[in-house]
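For clarity, chains are labelled A, B, C and D in written order, and residue numbers in each chain start from 1.
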Amino acid sequence: MEYLTTIGLNHYLTISAFLLAFGLFAVMTRKNAIVILMGVELILNAANINFLAFSKFNGGMGGVMFSLFVIVLAAAEAAIALAIVINIFKLFRTVDVSSIDTMKE
Amino acid sequence: MLSLIVFLPIIAGLIILAVPSSQKQMIRVVSLVAALVQIVLAIVIWRGYDPSLAGIIAAPGGSPAGSFQFIERVPWISIDLGTFGKLNIEYFLGVDGISISMVILTALISAIGVLSSWPIQKQVKGYFILYNLLASAMMGCFVALDFFLFYVFWEIMLLPMYFLIGMWGGPNREYAAIKFFLYTLFGSVFMLLVMIGLYFSVIDPVTHNHTFSLVAMASQENYIKDAILGPNNVFWRYVAFIVLFVGFAIKVPMFPFHTWLPDAHVEAPTPISVILAGVLLKLGTYGMMRINFPLFPEVFQASLYVIGVFGAINIIYGAFCALAQQDLKKMVAYSSISHMGYVLLGLSAANSEGMLGALYQMFNHGTITAMLFLLVGVIYDRAHTRQIDKFGGLASYMPVYVGIVTVAWFASLGLPGLSGFISEAFVFVGAFSSETTRNIAIVSVLGIVFGAAYLLWSLQRMFLGTRKPDAAYDLEVGSDGHEHIHFHDWKGKLDLDGRELAMLVPLAVIIIILGIYPMPVIGLLTTSINKLVTVLSPVVLTSMN
Amino acid sequence: MFELPSGAEIQAIIASLNASVGYFLPEIYLSVLFMLLIVIDLMAKGRKNNLLSITALAGLAGSFFFIVPQHSMPAGEFFFGMYVLDEFALFFKYFFVVSGMLTVIITMADEQFDSEVRSMGEYYALVVAMVIGMIMMASSNDLLMIFLSMELVSFSAYILTGYFKRNLQSSEAALKYLVYGAVSSGLMVYGFSLIYGMTAQTNLIRISAELAAHGYDPLVMILATLLIIAGFGYKIGAVPFHFWSPDVYEGAPTPITALLSVASKAAGFALLVRYYFVSVPHGLQPYEDIVGIDWHSLLIVIAAASMIYGNVVALWQKNVKRLLAYSSIAHAGYILLGIIVMDKLGTQATLFYLLAYFLMNFGAFYVVILIANKTGSENLDDYRGLGKSMPLAGAALTVFLISLVGLPPTAGFIGKLMIFAAMLNKGSLYIVLALIGILTSVISLYYYMLIPLNMFLRESPQSGEKSMELSMPARLIMVALMAVTIYFGLYFAPLSDFAKYSSALYGMTMH
Amino acid sequence: MHSLIQLSIVVLLLPLLSFVILIFFNKRLPRRGDFVGVGILGTAFAISFYMFWTVVVQTYDPAFRLAWDFTWIDFGNVPNVGPLKIKMGILIDNITVIMLAMVTLISFLVHLYSTGYMAGDKHYGRFFAYLGIFTFSMLGIVLSDNLFSIYIFWELVGLSSYLLIGFFFEKQSATDAQKKAFLTNRVGDIGMWLGILILYSQFHTFSYSEIFENLAAGKFTMSYGWLTAAGILLFMGCVGKSAQLPLHIWLPDAMEGPTPVSALIHAATMVAAGVYFVARIFVLLTPDALHVIAFCGALTAFMAATIAITQNDIKRVLAYSTVSQLGYMVLGLGVGAYSAALFHLLTHAFFKACLFLGSGAIIHAMHHEQDMRWMGGLRKHMPWTFATFTFATLALAGLPLTSGFMSKDAILASAIGFAHVEGGGIFYVIPFLGFLSAMMTAFYMGRQIWLVFFGESRTHLKPAEEHHGHDAHAAHGGHDAHGNDDHGHGHDEHHGVHEVAWNMRAPLVILASLSVFAVFSPDPLDGAKGWFMHMVQTPQTVVGRYGAEHPKAEAPVAAPLMAEAAQTGASATMTDATAAPAPAAAGEHAEAAEGPVFTDERQMELAHGAHAAHYTAIIISSIMVVIGISLALIVYAFRFIDPERTSVAIRPLYLFSFNKWYWDEMYDATVIRFSMMTAKMLSWFDAKVVDGIVNGVAIMTRNFAFANGSFDKYVVDGLVNFTAFFVNTTGAVLRKLQTGKVQTYVVLALLAVFGYFVYYFTRLIY
């Protein structure tokens, strides 16, 4: 029962792996652009968890710094993404990415 | 000197670039002048050429100076590549017995081509710019002694040719042009790999650097034993040889890579057909003699029989195909496939007679086929058709034309007294004298008959007899009671006019003179040919490795 | 758990920061330029004058003033190993600045902007931002820095791609680019996190040292590497991470397409080279890779796939921009060949090829824009008969395409020559790969020649003999590009010397 | 340079000069410049007659020989061969001189004759030009001293024959005939060329003398079979030119040419060139080769004679008789009767030329009527022609007191001797066929004389459509009006049939008088006593040592002697004959001393055999001739036998002969059709298969779903191998991946990553 009481690296990694999987799942299956972007956020956060966990267990501040930057960039990305999606909605009257395929082959 | 003769047309092209495109006559004249000057230069080179120097490989001591002539050698690009020496590309021109005749031929045919381009009215400016570019590139190929330089010229030829066929060609020209382009490019891209491989395998005996110099590459002792194309690396040497051979064979064109030729010829305008048959095809066999064989002599010795067989196939196969053609130009195209077969056969003999025959055949085929295509062009201009059975009885109405036709036709079927015969004769002499190719020679002799067959047959159907009912021209009885013919919408002179004579007569004269006394040309070649044979002979190889 | 740094340490940090700033001047300068442009835009609101573009152009040109002195500086890392300065980085600084300038120039030529957008607004600022980002990509020596710079480039690129707000294709392109980019950068970061986890390092050089010194879990290594490759592959647009590029290239404003297809691709390669060479421990020979992950064969597969796929699919394209997009995928493959060889000559060849590619691709896009200005179309069929109405453009385009095919006498030919030379120099090891390269380039001939074929060999359906005369500056630029392309095809010593000089990476000695 | 050499060069070049002048300027000259041709040929004849006089009459030496050559092509120092030069040159010996005189004389006479015969033709001037180039090349053959130059002139003769046969090029039949002639000759030339190649590949020289020396010295390293092959192949050249089996088919058709041409080329000179050539290379023919030659000649002589019997066209009869006579000559060479064969060549040249010119006169007088069935009774109208024609006929038939008698008889005698020497059996077929054809010759010539000159005119019997079927008025260059006019007159009693003018009559007389025995030999029964047989003697073979059957010849003693013989142009001298020990000769015949004495046993025996058979031959042949002539008289003069009914009675035989043994039909059915089929097949193959394969299975891709027109047209045909198809497919499939849906892209990328992962994972585990 020891491994339950003390939370080890693997727990973190497992969670991040799950997050990554969810994120990818969302990106691949959801039609709504917004949801897809949320999926992307999940992926980034999975990475964050990794960084933090590793930096906690191997020592050193690198991971923490990295996660901070990732969070910031995620925010910026979200902003740009929303702008583009809104523009898309204006033009296409939908945010269903699978129906936005005027260019192909 | 050589630089001048190579770049003269390009200079002309630049001048034309400056001329407003409305000044058609001006443009033509500029090109003509350039071409004539080129001929003069060629004659100067011919007179100044010393037949006693062999060429092919460097003189003892590794410097080409004692062996090649009119050498121009300046470092072109020299880059330090750190761990493995420098990348040395030289601007290296020179002539020896193999190239001298081709230089003369190229100058001659280019000039003839300009004359025969006279009637072209569509986008004259562009046409002559491309034409001059082409002329320069061809000349460059024949005098380049640096593989890199050779390759550059070789590739530069493709594009003008593509446009010249594609823009000024017949109805199906797009197809022919792209086909020509893709075939020849396919042949040459692999050459690029071989070229690089050779570069890393060869050391210049003088500078002790890697080099692209064909002269250095031609002597086996300059090879690094274990390099990728070094003597020990037998497998890749064979591969390289085959790759090069295919590359050149496509240009020749050798069966089964020949199918681009008839299309290209049928679609190309007359002057381009002349250039194509007169010079470009020679580049294939020239490349073999200059690059393919001397660089891989042992592989060459091993593959004599195969080459000979392909030569024989070309001869017979081309003749048969020509026999079946309805389109005169297509027939001539196949005939030149057949005639280039003789060159291959002669090369496969690997002895002086054969090689000399082959080289001389290259020259003669240049003049003769040029004449044939010009004559086809003459009749096509008038009748707008080349269907053999759309004519008949022209001999009565265009005596001069038919007279020259007879000369050309008989030259093409190898009639003694005309230059074609001598070369073919020596090809056979050589091929028969070599044990390897004796049987092939015996078979190929059939080509003589079938060659005569299709030529005489077309001669009879088009020019002898009487007018066919559905002929391409009308028969009318003139005021003086004599019969005349006239072609629909042909305003010009019925029989040959001055310009056409100016193109045809010189060629005819050359063909006859060289048929009676070939030494003026052969005298230039013999030393080099003997040298080449020595370089290729197995004895020498064994002594080297 | 983290103890605060002592005053002395802080002093040291500040000192080193001060020292480092000297190495960072060009980037700082460009950032200033970036803000300046925004300010100008705010002041000259809505008005369509060339003020912005001229400023951008001059400003970018001005950055040379800061870049050139850096040659004298010793190669080394600064900002605590975040950032390096070496010949390799310098090369790309020039590369990106010049491509930025060219982008500005061809933007000025593009009339589509007049119809599509009301003001150029932040357009030039974003271009500059992208340039900064790419420069940083080329010089970053730390996972964090890589991530930051990549995102900087990507974000500006997203916006620029979608810059034609009312244009369906442009917006769609932006969305696709965004989604795809976001996902792949996310994956990359995840990969980074794994690397960090194994080595507790983010600095490439130390990562390499760590990996070499202590062991690592091969399985995790594989996963990390693949995820990182996914990120890089998306930047360089190599198969199978290329899918975004055709649509984006087609949809984006043509100058941006040019910028993406040349500069951001090049940035990706810079990144790849640095990461692959520096962070992955190597023996003397590339194929003596560390166990568990085999970058070498991985890249070979990617390269071969890119060359074949790009060229083969390009055969089908009817839209010239899209056609060039596919060709750029193929070229990614060719460039990879140089990286795979992974020696001095290979790197040199890679850089040289990038330069040649830079010339011919910008040239091609420029002519495409000029033609689109006149005909309002990028469709192959609308190119029919253009050779007559605009011969100069036709000639120029033909030269650029010939160069793309890799025929003499053009820079493109030399590029291929050097790449293949680098491969054959390794003996018969890479001959098969070289053969693929050769064969695919024959295929490429066909679709490239389709354009001259339409321009020259075919008559335009509406036989209007109206000759579309181009403006004098446009002609000059075109001729200049054409001349340079041919000049470097005939005398390429300076370029290749430059490439050789630049093939020195900090923290790695190449053989 | 010896003066004779210089003269011979002049003689050689004069006709060329005439050609050059006439081909370019005939329109500008008065009378279309015919006088140029006649004048130049006259000069040429005068010079060559001077040569003939100096050589034959003054220096009366069988060993006479002059040679001169110059380097034509210098190969330099050829590896494995050493210095190599291709020489051209002139060889003058007795045969040369005699041929020279003969050719120039006949050519001159034909020129003269043509001024009358061809008068008013559209291309009158060009005709003389062609005659000029022909004479030039013929003289070239006669004078050349090596195989290469003789091959050159060989082909040139072919060319001029081509031009002259097709002189009336508006006539389909004429153009067909000229093409046929050229191609058939080419077939023969191939063989000749291969023969030359065999010899060259051994000795790296073309010159007769050097080849003979090397052979005599035993330097021929290939097998005896190759040597025989070389002989037979060289002989093939003669088969083509001299119209021997199976390549004789072109000669009768060649009668489409103007009649003077037939006289000059296809009777007297060119066709004889084949025989001359075989004589030149006689010494290197192995016994086996000689056997082949002998049989070929005999069969030809026989076949042609049988055909000649049933022909109606006056010229065709003569043509086949020419073939038959050439057969005699070849037969003669085959059986080793070297001098006899050449003798027959000479005599035949004169009387056959006379016959052709005579027939030409008749045709001319009959307004281009050539069919003997519609002639008759001409002796009253054309006495000169009648006389000369008849005498020439007798010579041809070989009646005593004519030149033909002596030569033909000499050949037949040697044939008998040959059969003896070879040990009889099958070899007796040769003399048998010889005599048989002698009889038939007499018969068909008698028939001809009678049909043409005796009886009453049968012009009116000619059916109208036949009339036009046979009219040759196109010979007047398509002057329809004029031609029809002539035939309009045709019906009433020989209106306008008259003796020809002097310029056509004189040649007849000269040629006829040259067919008298006295010209060649004092003894009407024995040509061997004449100057010709003395001047032209069978040379020593140089191949005696090769092959198993002559061990004696390989004795070292023989070698130097043979080398000696070879050096003197391979013609044994009297001094040799007297000096050399002649063991076999001593006993049997005293006359043996007159003939040359051979070191080669076989040749020795042949000589004696011929001698022994001399009188036998005379008797048999005379009987045969008499039978033949009397048969002709019985049938056509006294009409004891009705030819029509006979022909019906033996219809199959008649048809077989009348249709020329169906040779043409056979060739059409086999060779020609085969070639044309092959050609069609191959060109189809080329267009469809080769192009198709090389261009990558165009068909398959053409039906390919996504392929748009331009694509497969350009790429598929363009790309230079199967990749086209591959590329096409993959391209079409791969581009489907680009769905335009961004999520698909992500999925695909992830799949790729996953794929890599799995791959490495497995590699890691195993």
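We take it that a contact is a pair of C-beta atoms (placed from the backbone, for glycine too) under 8 Å apart; a residue touches a chain by one contact, two chains touch by 3 or more.
Quick caveat, the model's predicted, so the values are computed rather than measured.
Taking the mean of each chain's C-alpha atoms as its centre, the chain lying closest to the overall protein C-alpha centroid is B. Counting C-beta pairs in contact, the pair that comes out ahead of the other among A-D and B-C is B-C. For this pair, chain A with chain D, the centres built from the Cα atoms lie 98 Å apart. Between chain B and chain C the centroid-to-centroid distance comes to 44 Å (mean Cα coordinates, whole Å). Taking each chain's centre as the mean of its C-alpha atoms, chain A lies 27 Å from chain C.
With centres taken as mean Cα positions, chain D sits 79 Å from chain C. Each of the following residues of chain C touches two or more other chains: 175-176, 179, 183, 187, 246-247, 316, 439, 442, 446. Those residues of chain A in touch with two or more other chains are numbered 24, 27, 36, 97, 100-105. Of all residues in chain B, those that touch two or more other chains are 174, 178, 181-182, 186. Applying the touch definition to all chain combinations yields A-C, A-D, B-C, B-D, C-D. Chain contact summary for the complex, chain C toward chain A: residues 1-2, 143-144, 147-148, 151, 155, 158-159, 162, 165-166, 168-169, 171-176, 178-179, 182-183, 186-187, 189-190, 192-194, 196-197, 200-202, 246-247, 250-251, 316, 322. Against chain D, in their complex, chain C makes its touches with residues 175-176, 179-180, 183-184, 187, 218-219, 222-223, 226-227, 229-230, 233-234, 240-241, 243-244, 246-247, 292-294, 298, 308-309, 312-313, 315-316, 439, 442-443, 446. Interface residues of chain B, counted against chain D in their complex, comprise 174-175, 178-179, 181-183, 186-187, 250, 255-259, 317, 320-321, 323-325, 351-353, 356, 393, 395-396, 410, 415-417, 421-422, 425, 428-429, 432-433, 438, 441-442, 445-446, 448-450, 452-453, 456-457, 460, 464-466, 517-519, 522-523, 526-527, 530, 533-534, 537.
On chain A, the positions that touch chain C within their shared complex are 13, 16, 20, 23-24, 27, 33, 36-37, 39-40, 43-44, 46-48, 50-51, 53-56, 58-63, 65-66, 69-70, 73, 76-77, 80-81, 83-85, 87-88, 91-92, 97, 100-105. By the touch criterion given at the top, residues 76-84, 87, 123, 126, 151-152, 155-156, 158-159, 162-163, 166-167, 173-174, 177-178, 181-182, 185-186, 189-190, 192-193, 196-197, 199-200, 228, 236 of chain B touch chain C in their complex.
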